[in-house]
Amino acid sequence: MTARPKQLFIHPIRITWGDCDPAKIAYTGNIPGWALDAINAWWEEHLGEGWYQMELDLNVGTPFVRLEMDFRSPITPRHRLLCHVWPERLGKTSITFRVDGEQDDTLCFEGRFTCVFIEARAFRKQPPPKQIRDVLLPLLPDSGQS
Amino acid sequence: MTARPKQLFIHPIRITWGDCDPAKIAYTGNIPGWALDAINAWWEEHLGEGWYQMELDLNVGTPFVRLEMDFRSPITPRHRLLCHVWPERLGKTSITFRVDGEQDDTLCFEGRFTCVFIEARAFRKQPPPKQIRDVLLPLLPDSGQS
Amino acid sequence: MTARPKQLFIHPIRITWGDCDPAKIAYTGNIPGWALDAINAWWEEHLGEGWYQMELDLNVGTPFVRLEMDFRSPITPRHRLLCHVWPERLGKTSITFRVDGEQDDTLCFEGRFTCVFIEARAFRKQPPPKQIRDVLLPLLPDSGQS
Amino acid sequence: MTARPKQLFIHPIRITWGDCDPAKIAYTGNIPGWALDAINAWWEEHLGEGWYQMELDLNVGTPFVRLEMDFRSPITPRHRLLCHVWPERLGKTSITFRVDGEQDDTLCFEGRFTCVFIEARAFRKQPPPKQIRDVLLPLLPDSGQS
């Protein structure tokens, strides 16, 4: 997958006993949700609000249309899971995020997640509003600023 | 806790690998959600609709105000979890359900769950609408019919 | 993605209120876990045992190394989610499953999931044991039997 | 329930979009798991290790035998959920924790959780090992030190 930008957002996640299966590693079914939590935290950090406020206050939804994840190494509670998040590509009505998960300097997963922008109450596709474009544009890999 | 009525609703739940923790038994944090799934299934069976339709179509919410659970025996994927559900007490604006979970004829947990009836869109307490009272009344332990 | 075989396994899932987010549709983070539940149920049906028994009784693990999902239409509690599961490709030490989720004859998601076979206690890659190959071989698309 | 001690441990939890149901508040089925996460974090803070390490490294398990929760006010993503955790009572082979959840200075839930100490590999009840008693004793309400 594409190289990580130098400056990027890291969202730490505390993995616990209950996240693990009898193989003593995090159950695969839990991992996509952590990547989504990291993307939501990315919005909190960069836009000032997460999905809940985007949807209810700004009337902007970003439903997922695709995700893919490669699992490279098991995740355990022995280290925090550091999720590196960055926007990879802004389409006309979509945004693709990359999320890499690391523990103790070992890559645990690489993922790519594509969302479309919608007018939330109408559930109708739309280009991202200016407020959101202004946040995204300087952070995209080809902007020369990330 | 109170004795189970003779005729009652049983909701089977398939326990899986991912529900278990490294002790090879279902993680405690997952169990309350299964009891809630069983109560929702009880509504589907007796009212014809679960919480989603009650809230969105009938404007009736039933938020939980209390739950208590005693864990008697571990839950594993080796047997289906049979959740026995029955209404125990109808208050003026509340309903208390009992849920017993069993696997292979062994009691795994006993639980008691109290919800209040609300007008969903106003989030305001109300007595249960007639349609719901009519479903509940014949099923209560002191009705002589359960 | 590849066409579904004619005869295939369908695993129904009951979607509930608690699975939905404030947009009134199933939260994306929950969906990969349902596809995994469907794959586990496929093993239960075809091998007679799910992951828990495979791991603990047969010493065979099948950790995921990759998943990809395309989300085509929202999932709600108004219909059962029917998960169509079939093995798509058997590698030397891996197996790829396809899972399609449908509600009310509408395709909700398409997914592809790749697992490797391991000796569970050693966490070491291995070819699938004969007992498992014998189950898989007749069900693969190119076997002319599915 | 009993009064909170003056000095106590607070575990913050980030509530998100995906934790909420269509009523726009956290789904009840998710809440017990957060209280458990807070208790696990309490162990991490006071013993230096959470349940995973206690079980696998120290051979000490603490399965839950009872939980009760009163839900006082809805939980939303608009504020961090602050979970106040303290041990309430140490029995011969059991420990009872209290967990209060607050958002924006409003009490959201009060809970009480009882675990038994076991020798993890044998799944056999035991008194808490000295290392754990030494951590717990000064923090109990009747020790005059909390």
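As written, the chains take the letters A, B, C and D, and residue 1 is the first residue of each chain.
The rule is simple: a residue touches a chain if its C-beta (ideal position, glycine included) is under 8 Å from a C-beta of that chain, and two chains touch if they have at least 3 such contacts.
Quantities reported herein were computed from a predicted structural model and do not represent experimental measurements.
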Problem - Chains contacting each of chain A and chain D, listed by label - result: B, C
Handout entry: Interface with more contacting C-beta pairs, comparing B-D to B-C
Key = B-D
Practice task
Compare the CA centroid of chain C with every other chain's and tell me the farthest one.
Solution key: D
Practice task
Let me have the rounded angstrom distance from the C-alpha centre of chain C over to the C-alpha centre of chain D, please.
Solution key: 35
Completion exercise
Separation of the C-alpha centres, chain B versus chain D, in whole Å, is 24
Practice task
Between chain B and chain C, tell me the centre distance in angstrom, where each centre is the average of that chain's C-alpha atoms.
Solution key: 29
Fill in the blank from the handout: Among all residues of chain A, those touching at least two other chains are 17-18, 20, 22-24, 28-30, 33, 36-37, 52, 55-56
Handout entry: Residue ranges of chain A in contact with chain C within the complex
Key = 22-23, 25, 28-30, 32-33, 36-37, 52, 55-56, 61, 63-71, 74, 120, 123
Completion exercise
In the complex, the residues of chain D that touch chain C are 17-18, 20-24, 27-30
Completion exercise
Touching chain B in the complex, chain C uses residues 14, 16-18, 20, 24, 33, 36-37, 40-41, 50-53, 55-56, 76-78
